[in-house]
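Labels run A, B and C following the written order; every chain starts at residue 1.
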Amino acid sequence: MTAALRGLLHAPPPVVAVGATVLADALAEQAVPHVRVDWRPPPAGTEDALARLAADPRRASANAEAVRRMLAAGATLVDVRPAADLVDLAPGQFCHAGPPLDWSAASGPMRGALIGAMLLEGLADSPDDAQAQLARGRLHNGRPIELFPCHEKGGVGPMAGVVSPSMWAWELRDETHGTAAWCTLNEGLGKVLRYGAYAPEVIDRLRWMAAVLGPALAGGVRAAGPLDVKALVGQMVQMGDEGHNRNRAGTLLLLRDLLPSIVESLPAADAARVARFVGGNDHFFLNLVMAAGKLQSLAVGSIPGSTVVTVMARNGTEFGIQTAGTGGQWFTGPAGVADGLYLGAYGPRDANPDIGDSAITETIGLGGFSMATAPAIVRFVGGTVRDAWATTNRMYEITLAENPAYALPVLDFRGAPTAIDTTLVVRTGILPQINTGIAGRVAGTGQVGAGLVTPPLRCFVAALESLAARAPDG
Amino acid sequence: MRHLELRSGLYRDSVALMRISANLTGSPGVRRALVAMATRVNLDLLTDLGIDPPGHAHPDDLLVAVVAEDEPSLARALELLDRQLHPPAGSPVHPGLSTRDGGVPAPRTTASAARRVDGGIALISTPGAHAFVEAMDALDAGLSVMLFSDNVPLSQEVRLKEHATGLGLLVMGPDCGTAVVAGVGLGFANVVRPGPVGLVAASGTGAQQVMALLAAAGVGVSHCLGVGGRDLSEVVGGRSTHAALDALDADPATELIVVLGKPGSARVADELRSHAARLATPAVVAPLGDGSPDLTTVAEEVLTTLGAAVPAWPSWLPDPPPSARVAAQALVPTTTHPPGWLHGLYGGGTLCVEAQLVVSPILGPVRSNTPLRPEWMIGGRAGPAVDEAPGHVLLDLGSDEYTVGRAHPVLDPAARLPLLERAAGDPRVRVVLLDVVLGHGTHDDPASVIGPVIAAALARDEPLAVVVTLVGTADDPQDLARQATLLRDAGARVFLANAQAARHAAALASGGGGGR
Amino acid sequence: MGRPYPVAASSAVELVLVGPVRSATVVAATPHATYLDVADPNRTLLCLASASAVRVPCALVLESRAFPPQPPIGTAARVGGGVVALDSGGSFRVQRWWRPPRPRGLGTASPARLAAGVGWLTGHVADPLDEGGRAAVAGLVALLTAPGRSGSAVPVPPEADLTASVRRLIGRGPGLTPIGDDVLAGALVTLHALGSPLTAPLARAVRASAPGATTTVSAGLLRLAADGVCIPPLAALLTALAEGPAAAAPGGLAPAPVSEALARAAGALLSVGNTSGAGLLHGVLVAVAIAHARLAPGVLRTPTVPAPNTPALSVGSAA
C-alpha cells in the first residue's frame, strides 16, 4: 500500500523555495526547514524552448540513459599505431581539433600545424609551398585539400590537433560498448607542431616519434597487455591531477606501468631516450585522458530527447558543442581568450583564442570541473584554492550525475560532476569551466600561459533551440 | 538632488525590490526612490522622478534612482540600499539560521535544491513564464508542488497536473496563494492548530476566511490544499481536486473534508460531487456562487456537522450594541446612517466576490472589475476607475490590472490607501468596505498603516462609515486582537466574518436598520 | 534580549504554551535538546529541540540543525502566551503547530500478520533488559493476561497490584530515560494503537507511579506515551507492522517474507538514543504479547525461527 502523495500529509514537509524571498522568509518565520534556490531568470527568449524541453516526455529517461552509458564506458589502451591505420585519410586530407574549419578562418597555430603536417607528409618542399597549396585548397597534383574535425573521425587532438597519416597515435577501446577511439602522441613542450611550429626540428621529432617512440610504446603495450586507462585516471585525480591542465601523476603512473616492458624490448640507449622523453613531459598523459573522454562521449552516441552535451571542442577560431539529442550537429560561437597567468614576458595580447579537443576532459567531468581535486593548479591559472573548490561546486549545478570512478577525496570522495545538461547551462547561466593552456597567437610560439575560459553561451542557446524544435508538440 | 546608477550582476525578485524601494522612500530626506530591474517599463518610470533614462541599460541590470534633499540623505539611502541588497551572512534577520550548507553554495535550480531534501514540497513563485520548468524539476525529483506563480499558461497547467497524476504527486495552483500542510503555512497562510478539518480550496482568501472562522470556534485544521482557480475547468478536469480529496480521505487526522471551489464546468462539478460521496471521510462541497451559501454559512455548517458550537462571530465595533440579543441579529447598526454609495476595496478576490453576492440582493447593481454580471464591469488596464462609475462599487485590487508594477495589497497595505482617501473625498460615498488579511507572508502590522488613514477619512464633515473584514487567527504573528483594536480605535467597524461585514456595510449604505 | 527564535510546537503541549505565563526549570540538556519542567498542574514537560533531534511529542522544534547555546540545568524560565523565555537569555516563540503521531488501527491487522512481524522482530532484535528487568516484564505481562473470574470479558487486575508491578519497571536503568520506562512507553503506545481495553488501566498506573520514581524527563515522556502519542520512528514501525509483508511465502512452510519497510523501520527506531529505541521496540513486543494472549497460544510463535530471550512471549502463550 503506497501512501497517498508519497506520505506528504503525514508530517510537516521540508520545503524548497524558489522565487519571491518574502515567501521563503515566511517559512523561516515558521521554523520550517527549507532550502532556498538562488534563482535568476534565463536569457530572454529562451523560456519557450526551456518549457518545451521540460515538457518533453522523452527527456528524463533519455538523459538517464545518456548518463548510464557515459559512466559505464571503459577505456583500455590496446595499441599504438600510425594514424594511417586508425583514420581513413587520403593524401591531402587532415584532421584538426574543434568544429569544422577552413583555412581562411584558421588562426596562427592552426595554420602553422597544417603547414608542418604538409611538410611531414612530403606534400610540400617548403613552408611557403605548403602555405600556397593550403590557401588554394588544392595540392599540386590537383587533389583537393580537405580538413576534418578529429571528432568526426573517431578521435581527438590537443591544441591544433592536426593529424596526418604518418603521425602515431594511441588506440583505446571501450570494451563495455565495443567502441574505439584514438589520440595522437604528445610531442612534448616548447616548439611543437600542436602549437603551430613547423621548423625542421619539429618535423624531425615527429619522424623520430614515428620511427622509434611509437613502435617502442607499441611494443611495451603489447608486451604488458591492455592497460586500464580509466583506472589510471581514477588514481590520478586522487593524486592532485585534474586531467586537462595537470597530468603529472598520470604520466608517472603510465611510465611505471610501461617501463619494464619497454626496457625489455629495446636496446638500453633507446629505452632510456624513450623514458626520458615521456618522463620529461608533464602533459604526456593528457592525450590518453582525452582518448578516454572520447570513448565516454562515443558511448552516449545519439539518444533522441537527451539534452546531455557529448562534445566540447575548439579550433582556435570557434568553440563547438554537440549534444546527444542533436547527433553530429555542431553548435558554434567565437572561441574566447583564456584569462589566467602568463609565462615570462608574454601577456594577453600574445594569446591565441581557445584551441584544442582537450575540452573533452571537461565534457566528462575532469579538467576545470574537477579543479577542487587539483588545488595546486591555481598557481598556474590564477585564483585561490577556494576558487578551485567553488568552481567544482558550481559545476554540480549544471551536470546530471557524479562519476564514482573519478572520486574526489577533498569533497569526501564525491564523484566528478558529469553529464552537462544543456538546459541547466541556459537556465542558470553557469558556463562549463575549462582549465587550459594558452597558445601563442603567432604560429610556433608555443605555450604562453595557462588559464580559465568558458564556451560562449550562444552555443548552448543554439543547441537548446535545436533540441526544442525536435521535441514533440504539446 | 538626483542620483542614478545601474548595477549589473544582481538579481532580486520584484517583491523584494518593491520593499526596498519603499524602505528607501521612507528614509529621512528622501523624496522618491526607485530600485528595479532596468526593463523598459521601469525606465519609463524615471521620468516621474525627473530623471533621464540612462543610455545603455539592459533588463538584467539593477536600476537605482534616488531623489534626495541633500548629500547626507542620499548617502544614508544608498547605505541602506547596500544593507538591504547584501544582508550579512547570519544577520539578525533570523537568529540561528545558516545561509550556507557547510560551505556549499546555494543551489541555482529546483532540481539541485531537491537533492538536498528528502521528499516534501517545492514552493514556486517565480514569474509565470519560468514557473513550469521549476515545477517539472520538482515533480521529477518526487516533490509535490505549490505553484504560487500566476500567468502560467493553461496548457502548462494541464501538463504539470498530468505528470503529477502519473507520479502520485500533487500540484497546488497555479495562482495558489494559500496552503497549509501538516501545520506548515505556504504562501499567505494563517497559523492554525491541528484539528479535524481538511480543506481543498480553489482560492486563497476564501480558505483563509474559513480557517479563521473555524479557529475562532476552537476547531483546528489538518491541511488546506489549494488547487488553483482553473482546476475545476473542463480542460484541467479537476485533477488536483481529486488527488487532494483522496489524500485527505487517507489521512487519519482528517475527519471532515471541505471543498471550497469556484464553480467549474458542469461535468467536472458532477464528478467532484460523486467522488466526494464515495469517500470514507464525510465531505462538504461548497462552491461560491449565486445562490450558494456564503463562506460564513459554510463554516457554521462545518461546525454543526462536527458537533461543535457555533459562536457569535467576533466583531469589534466603536459603538457596540447594548444587548447581546441585538448583537446576535447580524449586527444591524444601531445608529441611522444616511444612505449613499458603498465602495469596497478588497485585496482578496474571493472575499470581494462573496461581498458582492451578499450586498447585491440588498443594494441592487454593484459594479466591479470582477463583477457578478458582465454589464456591471468597470475599470480596465488604465487603472482605477472608481470616480468614473456611479453607485456601488466593489473592487478586487489583487486582480492583475491593479498589480502590474505594483505590490499586491495583501503584501503592502499602503497600496490601497490612495483609493481609500479618494473614496473619502467623495461625499456621495457613505460606506467604505475593505479587508485586512493577517498571517505569515503578509505585512507585519497592517493596522498601523491603515488605521491612521481610516481615522483621517472618518474625520471628514459628511458622515462616513468604514467597515473592515479582518481575517486572521489568534496565533497569527500580527496579534489578531491588537490589530482589531487598533482598527476599531481608528473608528472602523471590524468583523471576522466577511459575510457579516458585507451585510453590515450594505445595511449602512441603504440607510441603516432594515435589510438583512 | 534579541529576537525570539521561531519554533514549531507540538499540539500535545498546546495548553501550557498558550495559557497564562508560568514558571519552569531546565532539568536536562543534550547537544540537541533542552528539557523544561513546567509548574502547571500537570507538570508538563517541554523540549526545545533542534531540527536534527528526535522529535519527542512535547518538542518545540527550531528550524536549524544547530542548537543555540544551552542553558545550564536549573535555569529558570517562563512559559505562556505563546512564548518560552529563558532567564539566562534567549526566547522562543511558537510560530507554527505540528501534530505528534498518534498510532491507531493496529487492532484491525490480522493476528497472523502481526505474528509474522513480531516473530521476525523477536528473532532479529536482542532483548535489551537485564535479568531483573525481564522478570519485572514477565510479572507485568502475567498480571495483565491472567484469566479473570468467569463472566468477565477482559479482566482488569486490581489497581494496587498493577501499580506495584509497574513500579518494578519504572526507573530501572541508568539513562535519562531508563530502559524500563522506555519499555513501558513502547507498550503503552502500542496498546493504544491496538485499541486494547487494558490501555486505560495501565496508563492510569503509570501516571500514578512515575512522579518521583524516575527522572523528570522520563516521567514527562511516560505521561505522553500514556496519552498515546509517540516519536515518528515508533509510529513508522507500528505502521510497518500493520501493513505486514508483501505476500505470504508459497507452501506456508517457511516464514512469510518480512517487508523491507519493517526492517528499515526497526533499524531506524533502534538508532534512537543509546538504548531508548531498543526499549521502545521491546515495549511493542510486550504489548502485542499482552493484547493477543487471548488468542490461540501458538499464534505468536513462528515455527522455524528460534526465539531466543523471549520470556514475555513464552509467558503470554502459557496463559
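In this text, a residue touches a chain if its C-beta (ideal position, glycine included) is under 8 Å from a C-beta of that chain, and two chains touch if they have at least 3 such contacts.
Bear in mind the structure is a predicted one, so any value in this text is a computation, not a measurement.
Of all chains displayed, B has the C-alpha centre closest to the centre of the whole protein C-alpha set.
Most remote from subunit A, judged by the distance between CA-atom centroids, is C. One simple way to say how far apart two chains are is to compare their mean CA positions; for subunit A and subunit C this gives 58 Å.
Chain centres here are Cα averages; for subunit A and subunit B they lie 52 Å apart. With centres taken as mean Cα positions, subunit C sits 42 Å from subunit B.
Residue positions of subunit C with contacts to 2 or more other chains are 5-6, 8, 62-63, 95-96, 98. Along subunit A, residues 11-12, 28-30, 32-34 each make contact with two or more other chains.
Each of residues 94, 97, 182-185, 191, 222, 253, 440, 477 in subunit B touches at least two other chains.
Listing the residues of subunit B that touch subunit C in their complex gives 92, 94-98, 182-185, 191-194, 220, 222, 252-253, 440, 475, 477. Considering their complex, residues 1, 11-12, 28-34 of subunit A touch subunit C.
Partner subunit B is touched in their complex by these residues of subunit C: 2-3, 5-6, 8, 11, 14, 18, 62-64, 66, 68, 82, 94-99, 104-105.
Per the touch definition, subunit B reaches subunit A in the complex via residues 11-16, 19, 59, 93-94, 97, 101, 104-114, 116-127, 129-134, 136-138, 140, 142-144, 148-149, 155-156, 159, 168-170, 181-187, 189, 191, 222-223, 243, 246-251, 253, 411, 440-441, 477. Subunit C contributes residues 5-8, 51, 61-63, 95-96, 98, 101, 232, 243 to its touches with subunit A in the complex.
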